[in-house]
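Chain lettering (A, B and C) follows the sequence in which the chains are written, and residue indices restart at 1 in each chain.
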Amino acid sequence: MTNVLEVNNLKLYYYTSKGVVRALDDITFSLQEGETLGIVGESGCGKTTAGLALLNMPMPPGKIAGGQIIIDGQDIVPLAEKEMRRHVRWQKIAMVFQGAMNCLTPVFTIGKLMMETMLEHKTMKKEEAWHIIEKYLGYVGLPAGVTKRYPHELSGGMKQRVVIAMALFMNPKVVVFDEPTTALDVIVQCQILNLIKKLKLEKALLSCIFITHDLATEAEVANRIMVMYGGKIAEIGTNQQIYSERAAHPYTKKLLAATPRLHQKVDHLSFIPGAPPDLLAPPTGCRFHLRCEVAMGKCSAQEPPLIEIEPDHKVACWKVGYKE
Amino acid sequence: MPDNILEVKNLTKWFPLRRGIWQFLRGQQRYARAVDGVSFVIERGEILGLIGESGCGKTTTGKLIMKLMEASSGEIIFNGENVTHLRRPELQKYRRSVQMIFQDPYASMNPRFKIRSVLQEPIVIHSLGRSYNEREAMITKALEEVKLMPATDFMSRFPHMLSGGQRQRAATARALILTPSMLVADEPVSMIDLSTRAEILQMMKTLHKELNLTYLYITHDLSTARYFTDRIAVMYLGKIVEIGAAEDVVEKPGHPYTRALIEAVCEPVTGKLDLIKHLPIKEGEIPSPANIPKGCRFHTRCIHAKPECWEQAEPDLIEIGNKHKVACRRYNEIK
Amino acid sequence: MSAQDLTYWLKDFWNEFKKVPSGIIGVVILLLALAIVFFEHQILPFPDGNTRWRDITYWDDNPKSAPPVWTNIFRSKKLATSARLALGEKKMNAMEGLQCVEQTFDYDYQFDSPPLDIIIRVKGKSSVLLVIKLARPDNFGVELLQAQFDFLGDEEKRLSLDSDARKSLPDFLSQFAAPEAVRTIDPSTIVPTRVLFAKTQDILTNPQPLKGKYRFTVTAILMQEDSKIHDTSIVISGSTAGLLGTDSGKRDIFTGIIAGTKWALLLGILTALISVGIGVVYGVVSAYFGGVVDTIMSRVFEIFVSVPLLPVLIVMSAVFKPSIWVLILMMCCFFWTGPVKTVRSMALQLKEETYIEATRALGGSHLRLIFKHMVPILIPYSFASMALSVPSAIVYEATISLIGLGDATIVTWGQILHDALTGGAVLSSIWWWVIPPGLMISLMGMTFAFIGFAMDKILHPKLRTR
């Protein structure tokens, strides 16, 4: 399998008036063709930031402060905005933004919205564009009739489908889904997950990055899971490794334990006390050590590197893979 | 005092829809029947979960009980007293017994108020506490009850300086200052990080025991409901279609809709990759509350529907054992 | 907000604001205007001009309709400028048992056209004999005046060259011209300043300016024990005056402009504050209650919006003869409509906020919701509308003053314009009377418009270019 996407030592900082927010700090991972990589973590750990960085469109006042993003053999970090827009963004990598379904302009019909997005990306005849729109609406399981309706006339699930269709227009190799199921109810959530799975079956070479804070959702779609904590990678492993009690990082373990399960009645759910770190002034050493039950002296002093403990399974923790 | 702290009888809320010029001239008025004949009881000290998909009228039910809107018909009986059409000053008294926790902890507090002012609000509104010290003590006590300690530190913070979980605790503290006997919690954890979700539910459970509270817990997430509630009521399109002990509803669901809800829940276990889940429910649009299907309101999406379902009148809740009730004519056949 | 947050907010706001150049210009001009108001007393050339604008006697020493001093730059024949001479020396000596005070004033005369008049003011007590002499650069001297004055109390005497020194001129002139020629001239036709500051040659027929240092000596012989003299001053009433010239009533226009600044600011800002305050509350109340209340309030709003403001204000002013405060109130009666629309639509959104609902669930009253929760949040959004209604307030006041219905006890730019109009400034092309107040009105309007637009851009990000 070849890597469609390789990210090396990526850093993205927000230069705010209060100081530098290190929202992505030295992140390295890769994405294979046809694979789905899940990014999980608490609110504010830098998931959305990572997604935006991959499109080389950091939200101001953010800036990519270093590293490489190699898509299809080309490093896109040094590319000029014009170049990005013409050849990379939406054509090679596309994103379904967090909450995008609530940001559809209410005054246009879905058809008009889609048409505009379409023509913005590529110059083509209107008829041709209609053709493509209908095709992609079919992909996401919507009747062609929705083009005549306004966003507010659609349910949350339908809007999310429209947004997904719009991301797929240019036939990108990689699609980043940022929390596509959050704020939707279980049934719709399940349907959207089904849709993503179907898309992957139909387009065998589509690679996805699926961002969410819910480990349970991630289990349904992601081949590999990347757990982020405080702007850094805590653990990367395959679906099997993470969900079959081989998760190694204490943070991942805690997250799993905090996820309620339907068919097990437990009296006591565990949770992670404390709050995620302030990325303006992250703690020294391992960023998790303040909330970690098994932290030792070294954890607060030195930052653990991400090391491979078994094939495809990397962990950044002094307690894992080191001899005492 | 009666055993049932709250009794809801045939509660409805119809929102008038906007009329076209023709409808206006003909004097026609159509309604969105957001809540369409809901009845249930909550026993003292019980936690009842109200579950359903988006738009089925859960929040509206909560707000009706909270008296944030006026019911179109039906009765709400609280502690044996009919409170459906309560007005001030009795309403103020009612508000001290029933309080609400809202879904969005980021929006439920005025961003310009410090936590102290947020918590002072109920005190000022209800003129509680005689001296400054007494009021401060009340605020401190409430903050400590929800484990926001040290209280003085949190008092001088603004909501945006708290995490989602801490805000939800502060919101709970605000409700607790009035020493209510019942809390309506509208999706209190759906916007909170997974890592702290359990913490909040835990706290709410502790309060439940310590203060002998009763909860109406509104959510669309069955897994937290299973964990948190004693009984679950499943709502579909403005009506309750199944109600029973949490265990019974989750493990032995009677209504096809409940089954779909359970089937749809994601669980953190491996081996479900690329498996397309087939929900026992028809795809397609959810009927709108302005246009509730005739007969059994679920028949348009039910995979087991037979002509009798839409030809005959709407099924009532029938007991299928151990206070477990289902509103489905064919529950026996489709088991 | 805590102090720290506020500073961050301000910092961010300022960072955004910096990006709007017109906003910066606006702020700079506004700061200048505020500085003017603050240091008014230091700036005003006529410190009492502010309160005594309509007191003719106060302006007596000034020339009439004199152009600004700096216009000399563009003239080949320089006109004498108005000036107040500094006291040179003060000597006291005894003379035959009488006290004698001698004061000198130096005047450096470098003009081609003499001043209009010279005014000497003396304050004294009891009986004093005044002798005023002028020493010229060519060493000729003139005794301009010798007279005894009886001061009543602490009275001030005003002596003008034009009226009080004519008698001495024939003697002076006869030194240089034929006595017959002097005698045949009607003394009233001689302009004293023209001959006193002229070369001796052809002094009668064609006086040429004699440039150089002149010295006035005012000698006061105190005739009685309790006689006293003090506060002697000499004012040259030139043919150009002040930074901005004078009007036909001899008033210094610069003084008027400076004194008018604070009224413009006060009137503009106060009107904006009050009317925006009313508007915000109106909008919030209308949105909060909704239904019938909203419908009625929206109708009332529409009526007020559609009223032609200027005619109504003119009629009201004509009826009430308003003072500035009443005028402000009158303008507020109509200006409050400005922010209503935006505030109402924002309040409609705000009303749906969860914390509003939460407060209702706690049992909060309407008053609490409106004034504690909604109004404070919407106020910042009305800043822009506030800044934008300042210029219209200034312009409307000017318009009302222009047609002569303004507050007669103060000086505003509009009133200066009004006086210019009635004083025939346009006909006699006294441009320096019309342009400065007009310019100031538009400048101040522009300033607030700039600030308002800049704030609008920042506070209502919808308008931002993406």
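Going forward, a residue touches a chain if its C-beta (ideal position, glycine included) is under 8 Å from a C-beta of that chain, and two chains touch if they have at least 3 such contacts.
Bear in mind that the values here come from a model prediction, so they are computed numbers and not experimental data.
A.B. asks: If each chain is a node and each touching pair an edge, is that a line, ring, star, complete or other?
C.D. replies: complete
A.B. asks: So using the touch definition from the top, which pair is joined by more C-beta contacts, A-C or A-B?
C.D. replies: A-B
A.B. asks: Using mean CA coordinates as chain centres, what's the gap between subunit B and subunit C in Å?
C.D. replies: 68
A.B. asks: So how far apart, in whole Å, are subunit A and subunit C when each is placed at the average of its C-alpha atoms?
C.D. replies: Result: the chain centres lie 65 Å from each other.
A.B. asks: Where the CA atoms of subunit A average out and where those of subunit B average out, how many Å apart are those spots?
C.D. replies: 31
A.B. asks: For subunit A, write out the residues touching at least two other chains, lowest number first.
C.D. replies: Counting only residues that touch two or more other chains, subunit A contributes none.
A.B. asks: Would you mind writing out the residues of subunit B in touch with subunit A in their complex?
C.D. replies: Contact set of subunit B toward subunit A: 53-55, 163-166, 193-199, 201-202, 220-224, 226-227, 247, 250-251, 260-277, 279, 281, 283, 285-286.
A.B. asks: Note which residues of subunit B are touching subunit C in the complex, please.
C.D. replies: The touching residues are 63, 66, 68, 91-92, 95-96, 99-100, 102-104, 107-110, 112, 121-122, 125-126, 158, 171, 174, 178.
A.B. asks: Spell out the residues on subunit A that touch subunit B in their complex, using ranges where they run on.
C.D. replies: Residues 42-43, 141, 155-156, 158, 184-191, 193-194, 197-198, 200-201, 213-223, 239-240, 242-244, 254-256, 258-263, 265-266, 268-273, 275-276.
A.B. asks: Can you list the residues on subunit A that touch subunit C in the complex?
C.D. replies: Those in contact with subunit C are residues 17-18.
A.B. asks: Of all residues in subunit C, which touch subunit A in the complex?
C.D. replies: On the subunit C side, the touching residues are 8, 11-12, 15.
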